[in-house]
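Please go over the structures that come below.
Each of the next two complexes has chain A plus one more chain, namely chain B in the first and chain C in the second.
Up next is the complex of A and B:
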């Protein structure tokens, strides 16, 4: 945990990114976007507020989805509801919109942000698997040498452990970007929990690949809630890459999940059930793609 | 089902069976209602409790010095301050503890100017513990070498119950088929939207006023007094609006005496209110149990005997939870015609959270077992379960081995109605035939039923109610009644009955039922009793008032009272319905005449039931009722998810009083039962609750509520008000085994330990398809492509 203070001494709601980054330069600001992770965490005592409370919601340009160019850009403060209602995005990256569809409840979706979901770095975060299979990167900005500096980090390299990322305390996540998928790109998302509504994923699976002449290429498979961070399932991908999408390949991919998933027992599910669900979902998304 | 109202002036329109909204609905829907949790009194301090946070320990040392000195702190109390002030069903509890027996044991309490200061003070209290080995299951607690939890209860033995009837050995010998299973109903909790809260204030004469959420205000005084060392007569109980109770407020829990002790110490009002996390940890649970049940029948499908050997997880203290065998044995002996019965139950102290009472009161657990065994036996006999149930169903006039007299029994009608409405027998056969066919999603249909007391339950010496009814000069009616309103809708029922009897508009009836210094005795809201008992009390009081009014009116009008009636705010003539004089004019004339009289009547109603008694052979309720649920489900055989597609309910309600309230009670009861069946589960590991929040404790939410097809069977109970019976627990009791039977129909697996969570169901199906050691990894997956 970062250093803590007992009381919030300043509340900031800047309109400009550079103001926000200057306020963060000393590393003593708690960033607050939708607050749907932050509020429960501070309430339970798992985390303390720092001296400054920085609200991101008024910063111009931090919110919005740009699907116009070769690079798709989603502002960090974009809400899950915005994603869910974005028709162009649904055509480009159905897995992402599907994940938004199964995210929490209407009230939470209206507040929760994409950036908050990634920065919270929960292994169960629902934005991570679809963004991982889209090959997304995050933009991290800070105030240095009297200017805004931005670096890009591939999402795969962003997560360190539950709740930890490579983001430095003075950095703000400003956007998620990914290349417009090529023709023939398909993507899917599947998650499960003991109840259909308002559910934290017991396990989630995303698939992204190009499909041509019945073969898969550029395969990316990502898993949530089966390891300390959301992860790419390299063995499953290898079992699929360049292969014809038939029953044998699917069976091999299902078997390979055992090499990628490292699930644990916790209060939500046993390791057995998580491993089982990964197999079920990997097979399900592959069969689904095969049918199309 | 709706009775058609008629416009004929000579036939009286009735409100009975109509849809009437709760009088407090607009205020609740708009947020105007001030719940107890919202209340602030002048000079009020905030009380906070220090919980042990460990399951079993000796308290070596407590130092409250620093907390006492914190500015804004007015009192700090510990176990020393309450040493011999024992309370509880067997006097095994005390408001602040000298030893830790469960995670939420109250170790110290503070009263401070603000919540922040109170929380800070708790942090300053130093406690040194010496942890002790714990007991985390009733089996472990019953072992000879088990750690002892209470010195006064050797062997960790709490309450025990027994009932035997008939020659068991002979019945077993005569049984061609016997099912024998162990069921393990789990811990769940009430999840009231309003968390536990009490505000206490002492006056300088030593009289305590306590604002609480209690659902039994009169015996509450008796139970609270020993925790404070005062006389029950010196307690005034005020019940502000509450956000749910469901049985959880049918006892005294430590936060209530703590509020009172802090109030006495500080001389100021003190409020103690739980956070959601504290609520999860420190409020009572439904009793977890291990039920070893056996049921036998003949080759022809006639039940021969039933035995139940029950071990109850008492938790650390004895609240009302361990008394549930009183109801468990009624179901064991009375759910269908069971000629021979052998029931025993032993509650064992553990270091787990302790159980209280909860809607269904032991019958949820028992019916989980009995209704599944009925289904299993039907399959063994190889007849349709419906036929098996009908064959063994009691009829009106039968008496159970415990002497429950089933005067008006509509079980057969409930079974036939639900089965026909859902096309049960055809679907059951069809789904069973498809069970092992390829395909990931399987449909299933399951039938379950149960019996429950529906005219109170005379567990206490009295099951009665007092009612005072008065009318003012404008024909406004006030009913002062012992019946508590905890959201269940007795306010609407009483209003409806008064309007029915006195011919006044619903809006002209006011209820006063929340102050023990004003309203007369009632045993409390429990046992599905309030519409039955308070309905009778209200009707009797209203009829007394009506007789007084008609007598006076007859004199004024020079008519005979038998020819008169009260309708639509007037005195009318029976023969032609003609309005003769306004009711309010009659009342004023009565009041202002030479020999003045006011309408103010009293009534005490005690139902014709027998006290439970130590032998448990008594007609302990004034009525009994049955319900049948038929659940239709779709199972995802890979993820184990159960989707409930539809529930058909046929319930003997005696007579519909307030149709809207009845529907609401059945829907709400089902929601609690569905959570019990599918998702709710207190994850207690070594005495510590691991999911003390709504994120991880899964209530049923709106999207999972299935469509309901409700059928109200009206058996016209002779003793009930207008023929009504109590209705509110059966919906919670019957649904879980209906789903369990549907799961079996769909997949061939049975779950004995609720909830039927996706994980448990997936595992059971997986194991059924891949017998241990077969080496198969994922036998079903291959078949799922289609």
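Up next is the complex of A and C:
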């Protein structure tokens, strides 16, 4: 065991957001919610603890899903299980709930948080592609000038590299927000791994678009596990935008995946296989939308 | 060197417990090493196998991933909490009756997860049980009999089930 827990000098479990942000102001806090990523990463030595260990689970107002207004809001501490069981959300953003359905195992879904999954910034993070196609943004809060300050960052600008985001050490991701999709919005999610459960995805694909008269508009396509960060597939989107969803368009979109995906060889799959899976999944989700 | 400790209070199998734990200690280590409750098993230690499954506030989690400090103010049920003065819990009895137990190491976690699934969904189908038990690995590969046992409890056909 190569834990660095002796570096921890204080444990905090605040009830209020401002207390948490004040504790984080010096940028020396390790925050956790479910601990499902932090625990194995610190046990293996891949990550070091900071001076303060900060539990987010007791902060009031940090969890919950608000689907009432024109803007949908998911609190950072909301568990994947809560997301999976939210019927209004399933109607608004089926691809997101579908991703929650295939997230790890029941035990992990009960503990893991949406905010934690995003901050872990894995190229394979299951919440990222469906939230990217919803045009989501994250709220980052910090304590400055004796007040809580919040900035919004579009999710596609949030990820920097594996494990790295634009979140500053004194900032806390408090919520994910996205505009209520317009009428006619469709979304799909596909993920692949050797077994359905507890698998870090080999490749994942999400699609979100409005469909009217057989044409797609406002097209967003996101890919997971094919680059250092989850990403928007701009070339695939361009091949689809405003075009009739027919065999020619689908073939063009499938071909365009080569311009967006930059997969690597690793223990889970070869770059060639990942490239192949992206093509298959893009074709599948488009054919699926076309059939409906 | 040990990390700093903090005092926590929680309910464990219906009993109030209070103790000091190192702040980075996991719930599994607290149960086994601090409280001597070794029914919950340590296997993979990274949330992949489910042998350490316990219930926290009515939901199952991998206790190897859960920080012990996070137990504060919550309610835990472990495999030791299932047995009643009358005997085994119906799910435990069904596992025995159906020969679901081979080496037995995965069983405490498997039974905690199965019990939770049945309690939350009295009409649990075999497919739902299969999906719900995805996070529990049995390396003797005895899944068929595990699912048989779960099905028997749901349909009331297990001799261990109570009215």
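By our rule, the second predicted complex is superposed on the first by the 286 of 292 C-alpha atoms of A that agree within 3 Å, B and C clash if a C-alpha of one lies under 4 Å from a C-alpha of the other, contacts with A are read in each partner's own complex, and residues count from 1 in each chain.
Quick note on the criterion: contacts are C-beta pairs under 8 Å (C-beta built on N, C-alpha and C of every residue); 3 or more make two chains touch, one makes a residue touch a chain.
Worth saying up front: this structure is predicted, and the values here are computed from it rather than measured.
Student: In the superposed arrangement, does A:267 touch chain B (first), chain C (second), both or neither?
Tutor: A:267 contacts chain B only, not chain C.
Student: Check the residue A:279 against both partner chains and state whether it touches chain B (first), chain C (second), both, or neither.
Tutor: first
Student: Would you sort A:35 into first (chain B), second (chain C), both or neither based on which partner it touches?
Tutor: Touch status of A:35: second partner only.
Student: Once the shared chain is lined up, is A:11 touching chain B (first), chain C (second), both, or neither of them?
Tutor: Second partner only.
Student: Using the superposition on chain A described above, determine whether A:161 touches chain B (first), chain C (second), both, or neither.
Tutor: Neither: A:161 stays clear of chain B and chain C.
Student: Touch test for A:247: chain B only (first), chain C only (second), both, or neither?
Tutor: Touch partner of A:247: chain B, not chain C.
Student: Regarding the shared-chain residue A:106, is it in contact with chain B (first), chain C (second), both, or neither?
Tutor: After superposing on A, A:106 lies in contact with chain C but is clear of chain B.
Student: Pick out the shared contact residues on chain A: the ones touching chain B in one complex and chain C in the other.
Tutor: The answer is residues 40, 196-198 of chain A.
Student: Using the touch definition from the top, list the residues of chain C that touch chain A in their complex.
Tutor: Going by the criterion above, the answer is residues 1-4, 6, 22-24, 26, 45-48, 50, 53, 59-62, 64-67, 69-70, 72, 113, 117, 131-132, 134-136.
Student: Applying the document's contact rule, which stretches of chain A touch chain B when the two form their complex?
Tutor: 40, 44, 192, 194-198, 200, 202, 247, 250-251, 254-255, 267-270, 272-273, 276-277, 279-280, 283-284, 287, 290
Student: Can you list the chain B residues touching chain A in their complex?
Tutor: For chain B paired with chain A, touching residues are 277, 638-639, 641, 643, 678-679, 683, 690-691, 693, 695-696, 698, 700-704, 757-759, 762-763, 766, 777-778, 781-782, 784-785.
Student: Looking at the complex, which residues from chain A come into contact with chain C?
Tutor: That would be residues 3, 5-11, 13, 32, 34-36, 39-40, 42-43, 49, 53, 55, 57, 81, 104-108, 110-111, 196-198 of chain A.
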